[in-house]
Amino acid sequence: MTEPIRGYNFLGLTPEETDYDKSRVVILPVAYDATTSYKSGTKYGPAAIIAASREVETYDPESGRDIGEIGIHTAPEIEAEADGPAKMIEVVEREIARHLKNGKFVVMLGGEHSLTTAPARAHKAKFPNLSVLHIDAHADMRDSYQGSKWSHASVMRRVREIVPAVSVGIRNASKDCHQSIAADNCPVFWAKDVVGKSGWQDTALKNLTDRVYITFDLDAFDPSIMPAVGTPEPGGMLWFETLDFLRLVFAKKQVVGFDIVELSPIARLHHPDFLAAKLTAEMVRMVRL
Amino acid sequence: MTEPIRGYNFLGLTPEETDYDKSRVVILPVAYDATTSYKSGTKYGPAAIIAASREVETYDPESGRDIGEIGIHTAPEIEAEADGPAKMIEVVEREIARHLKNGKFVVMLGGEHSLTTAPARAHKAKFPNLSVLHIDAHADMRDSYQGSKWSHASVMRRVREIVPAVSVGIRNASKDCHQSIAADNCPVFWAKDVVGKSGWQDTALKNLTDRVYITFDLDAFDPSIMPAVGTPEPGGMLWFETLDFLRLVFAKKQVVGFDIVELSPIARLHHPDFLAAKLTAEMVRMVRL
Amino acid sequence: MTEPIRGYNFLGLTPEETDYDKSRVVILPVAYDATTSYKSGTKYGPAAIIAASREVETYDPESGRDIGEIGIHTAPEIEAEADGPAKMIEVVEREIARHLKNGKFVVMLGGEHSLTTAPARAHKAKFPNLSVLHIDAHADMRDSYQGSKWSHASVMRRVREIVPAVSVGIRNASKDCHQSIAADNCPVFWAKDVVGKSGWQDTALKNLTDRVYITFDLDAFDPSIMPAVGTPEPGGMLWFETLDFLRLVFAKKQVVGFDIVELSPIARLHHPDFLAAKLTAEMVRMVRL
Amino acid sequence: MTEPIRGYNFLGLTPEETDYDKSRVVILPVAYDATTSYKSGTKYGPAAIIAASREVETYDPESGRDIGEIGIHTAPEIEAEADGPAKMIEVVEREIARHLKNGKFVVMLGGEHSLTTAPARAHKAKFPNLSVLHIDAHADMRDSYQGSKWSHASVMRRVREIVPAVSVGIRNASKDCHQSIAADNCPVFWAKDVVGKSGWQDTALKNLTDRVYITFDLDAFDPSIMPAVGTPEPGGMLWFETLDFLRLVFAKKQVVGFDIVELSPIARLHHPDFLAAKLTAEMVRMVRL
Amino acid sequence: MTEPIRGYNFLGLTPEETDYDKSRVVILPVAYDATTSYKSGTKYGPAAIIAASREVETYDPESGRDIGEIGIHTAPEIEAEADGPAKMIEVVEREIARHLKNGKFVVMLGGEHSLTTAPARAHKAKFPNLSVLHIDAHADMRDSYQGSKWSHASVMRRVREIVPAVSVGIRNASKDCHQSIAADNCPVFWAKDVVGKSGWQDTALKNLTDRVYITFDLDAFDPSIMPAVGTPEPGGMLWFETLDFLRLVFAKKQVVGFDIVELSPIARLHHPDFLAAKLTAEMVRMVRL
Amino acid sequence: MTEPIRGYNFLGLTPEETDYDKSRVVILPVAYDATTSYKSGTKYGPAAIIAASREVETYDPESGRDIGEIGIHTAPEIEAEADGPAKMIEVVEREIARHLKNGKFVVMLGGEHSLTTAPARAHKAKFPNLSVLHIDAHADMRDSYQGSKWSHASVMRRVREIVPAVSVGIRNASKDCHQSIAADNCPVFWAKDVVGKSGWQDTALKNLTDRVYITFDLDAFDPSIMPAVGTPEPGGMLWFETLDFLRLVFAKKQVVGFDIVELSPIARLHHPDFLAAKLTAEMVRMVRL
């Protein structure tokens, strides 16, 4: 008789609610933090989100349904590869591909943003006409950084080499980011035009294909509500406006997967962990299954 | 000759300003934290509020008066009863009843929210047609929780068994909370309809009787301005709109007592303590004496 | 296919090594912290010990064996009862009795010390001629405290009502503790006679029966190596001398169970968690199975 | 051959970009914290701003220029004088006067606000028709405090004895502050009339002369985005509205110098440091050279 | 009727035990921290010691007496003078002189070490043949530091200008310290000859007169048991050996007063506060009244 | 005129004392932390050591000399390579080789232990008959770890492939570590035989060649004096005994270089940083130049 340890899964669900075969959604924690340049600690992000998720209310009064009914399996944490990001991305890609093949909707919890190359590749392989919605404070469009093409600062450059992408919430971009943005004519919605503003949402959606993968770097949020990130840029997005936009995306597009990355928990300050957990739960709730 | 220790009373007032007999208001710190389910630490709340209050400006330019003139006595902290919440609530109720009998306006500083059953009972005994204004992120309407009817998660269920109540700022409610809310037809003003919105205030007031007791769970505030709570739900109330609503309540109703509960101080982050202290001071200033 | 989440069990063992039926030892985490008088936080202790245990080396060069071969099952955390310690103790006692009936060696990870009444009762029921070895900085011999007979400060008074006990490492005892110690003629080995001293060990053993339950309050250690406790008294026991004494006890007596209590983790300071995990592992290794 | 230590200058610029003779701007860190009344720690402010500034993006897409092209020299930290604030102010004044004589634009990074008397004197000596724009949560208009005329709580009283000043963002003023404000007819723009409001900006500018020195106490910001200050008053200014106002000031007036004071870094919470660094960089960018 | 706030006095004594007129001992908290060069925070020391003291056991089994019977009055905190240390020292000296005139035994709780000049002067005025026992990691014999003769780094130079002194536990001394030590032929017992060693104690006593004032800088202790100091030098004194030495001093000399200085509390690490409180209580117990 | 920023070099020396050409010793900070398995943060180690070093006393009373007279140049921090440890080791090796060629004595400040392969290679190239003295809590002898041969857990396996090594202070070794230790007959001095013991020192020296490189992993120290490491194993070495052993090594052998690695600073706890800085300074003082 093996008893399950209650709560060490996303939302603290019961064994029936988390059984892999019956689950529609797989939560994939990737505790990886090797190329962070400023404040490190994103390898503790997935565990913090899962711990906080146990306090998130699972009942939805509108539908009268409990989120556990969907079936949400929390996969074991993928262990870090010490030989650098290229190898790590390969391991994660293989793991995601396996879950996709099993028909699961995969939610990757990072970990550093460089990982997103893995789900971008895996989802592109399954959904040819994919586009990526990139919510972030930083453009992450450097060609390479600290001697690596696989750094977090280059991730959207790598992703855009595979699929088109739309960036929302950006408020920091290096010179070569700006130049590549200009050259590639790739759509960026700057924070100053997004926060507290309307009208941009429909334009953003027009730039996406029908099938969308969302990569959500938590530093897109304002540091007042999300201080637990590596490089917290002032002037970010707030809670209600972000949820409203996401609801629109899930309603108008077929969202086929998403990741929540870059939570770097701060000891004794648990509201960022809780917000990340609640965001993840809300997005899972929005998935059209 | 016994010298007073300056500052170890609310607002750091002088001996004359804090003399019990001359005081109109009694601050009652209750350092109790036994049923907290997520992050504990509310037993340190009262001391943190009192420490921070010494930095709150006591002068009011509009009236030209200093708040110390009211007479504000800080009672000794009520020590915890280790045998569980039921017994603790009885001790606190007796203490509050004693102050009410002496004609004092009582401000309870928590401590966990389960304590509010105590002032609800004591004030109901003195003010028969009482209603309760409940400002909180959570409905706290479970019938019982963790095997206890006296848990913080059940406190408004217990309170509503005694007096009618209006809830404001709610953004998390369990299934049985939603059902009991629906069944009881009890008024709830959800955070999404309250934050940055107008119009709801008058409706809320209409649901209250003329004599009002206010229970203020600090997690009603947005975590950006009040991170030091056990379960910080995103999407909460902000400073100016909260004060404006409170001013309206104190102007239109006879507020007969209030509590500020659930501050769980975070080491080295003192803005939440200061906000709680300033809120307490502002509410004391609003009391019509 | 349900994949196990690696590492969320004591020592991060494999599914085979942690299967309940094959396991000889059960680790029972009890995240309870309701009567603590000074610094609270022991409810986070069991999770911290389990997290740190994943870094403890499992291989034993002397025997050439890996500790996982014993079979160590980590039971789910027992959830807190909000109605007070008396009820909580009953729940824990029932759970331990169940594992004892299944022939398991039970290791309880606290949580606050008041819990120890539960294993004392459960083990006494199975092992009639039991005695208790009590390693602690505090005598915990008050008749009651904060209105409760079940407070952490009274636990050894309750335990001694059931079984004889020997206390080691004590350096703080209230007046009624001293008096009850004198009256009961119960053996106490004070820290000043124990730390860095020899000779006392054999006398301590003579006062125990052949079957021994060990309750280990981590504040017995010196605060330099164990600061993460509620009331850290200077002048405590050090690492090697404590292990040497424990080895002697396990060699000379039949140790039938033990608990490690009162870890109150400090954010960002992980050496106490690691020491507690290593102590637990070393004691499990010492068990004669 | 002496190699420069990269990054230990503001923005982490290259040796050429920071050469004193070629630099137009001098950053002057003053690690002084001796008269703080509530939470201390402003002496760690300058180092935290400089460390965080290395993550601030230096490229400006509008002008296509990099901020390093201006030439920004970071002077060595001025060491504290232990004999009290009067002496310290003299030392800092002399140092600023020296840089002004060399034609530099001086940016002082505090340290506590009492220091501002130094740049006020030094700039007044060079720019006779100077006025001061004072952005702060506190009026700082006490005649003396804790026995000193040079306390942070008196700094604007001292400054106004030299030059006229306009205060913006104020939400805490003692009785004698209010009285001296009334008596002196000195312009104050209270936070409740400023935050999220329009119209006040032009009036504020009208009260300033053409040549303006800006003293920016970081507690003017709302604690949600700037918790790392000694006395964090709720109801403060937000990011975009503050930058918009500053852009207006720099466009309409000749700003001849500024200081950013009162950052008191909080361990493990780096968004306040980053905001202070980005504010400093943005203001340097606004300077008309 | 003014109720006392229990616990906000040293050891949490009752009103009768703390009445000034009946008290033999006065605890004088001085929350001053203005000249600290490395890590600041000693102004929070006295409050931390008083808070922790409430957990110190007051009963003494050897004498069968409770320490409260002595009568221990906790005076209000002396507020800081913002104009620098010279003025602050004068204020503290006057206050101590007043208590000495009333026949009290004065225990000053710092605050930074520079304050010790105050009790040295006040006690010298009452006890002409006084000598000072100086327990510290640092010689503090600079002639001046950071432009001040009144810095913490010069305090023993100032004290030795008034009375002879013996230094114990020293392990850091600047060049001019060494030279002045050599020149003055003043006795210093270096840590390497003191920690874990015997024989030095009697020599130290011989260098003292019969009437002794003790100044105890907590950094004399090893950082393992006392990390909460400004400059924690490795290789310091341990608990039992320090108490043993103090017992000898109190037995052989007439100790007429003492201070405990330089506690700089660390958030969430309370063992240093507790040790400082227990040391103070033990020393009060040793006083021959 | 470029002014140096005082203090941002090891020991806060003057420009003359730190001039590269005149310096005999080069301090090389390597802020690298990519393969850490438990608690990360060693990338902040070098900056913390340099900051703390400014408080270390530079004067040596025995020789009457100041350590600055040696000439100690602090090189700029080597920036991380994001592509993994193999590449990083190459960069560091090249940099060390450059300094060795210039006749400098190189002190590498880590950073994680995996880096030590770099100085081992560079020194071996210059000093053919080199051996390595390895002071550590962990054997670090795994063949590979987390998929990499260059992990911190494999570093001594890699080093021993180049030069013979003696390990001191070890108290944690995995199964394959034990086996490779046995197979290679490589000398290990376990902590239990070293701490507080004598006799082992001479045996350790006999196993070393005349030219010795020392790699000092700070977790060799007991966690009571060095908690700021990734995996703090109880039962470690203490301050005086470690310095005594190092003095012996420097006296009997020609030490040609050393590194101090694995400091992972803990916010607000600065005694570990100070100890690491003082250890570095003491070892530099011991170098025979």
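All chains are identified by letter, namely A, B, C, D, E and F, in their written order; residue positions are counted from 1 within each chain.
Heads up, the rule we're going with is that contacts are C-beta pairs under 8 Å (C-beta built on N, C-alpha and C of every residue); 3 or more make two chains touch, one makes a residue touch a chain.
Nothing here was measured: the structure is a model prediction, and the numbers come from that model.
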{"item": "Any chain in contact with chain C as well as chain D", "value": "A, B, E, F"}
{"item": "Chain whose mean Cα position lies farthest from chain D", "value": "C"}
{"item": "Chain centre separation in whole Å, for chain F relative to chain E (CA means)", "value": "38"}
{"item": "Rounded Å distance between chain D and chain F, as computed from the means of their C-alpha atoms", "value": "42"}
{"item": "Residues of chain D touching at least two other chains", "value": "37, 222, 224-225, 267-269"}
{"item": "All pairs of touching chains, each written as two labels joined by a dash", "value": "A-B, A-C, A-D, A-F, B-C, B-D, B-E, C-E, C-F, D-E, D-F, E-F"}
{"item": "Complex interface listing, chain E residues touching chain F", "value": "37-39, 172-175, 178, 192, 195, 222-225, 227, 231-235, 266-267, 269"}
{"item": "Complex contacts: residues of chain C adjacent to chain A", "value": "1-9, 15, 18-21, 73-77, 267-268"}
{"item": "Interfacial residue positions of chain D with respect to chain E in the complex", "value": "33-35, 37, 40-41, 43, 79-87, 145-148, 150-151"}
{"item": "Of all residues in chain A, those that touch chain B in their complex", "value": "55, 57, 59, 61, 66, 222, 224-225, 239-240, 268-271, 274-275, 278"}
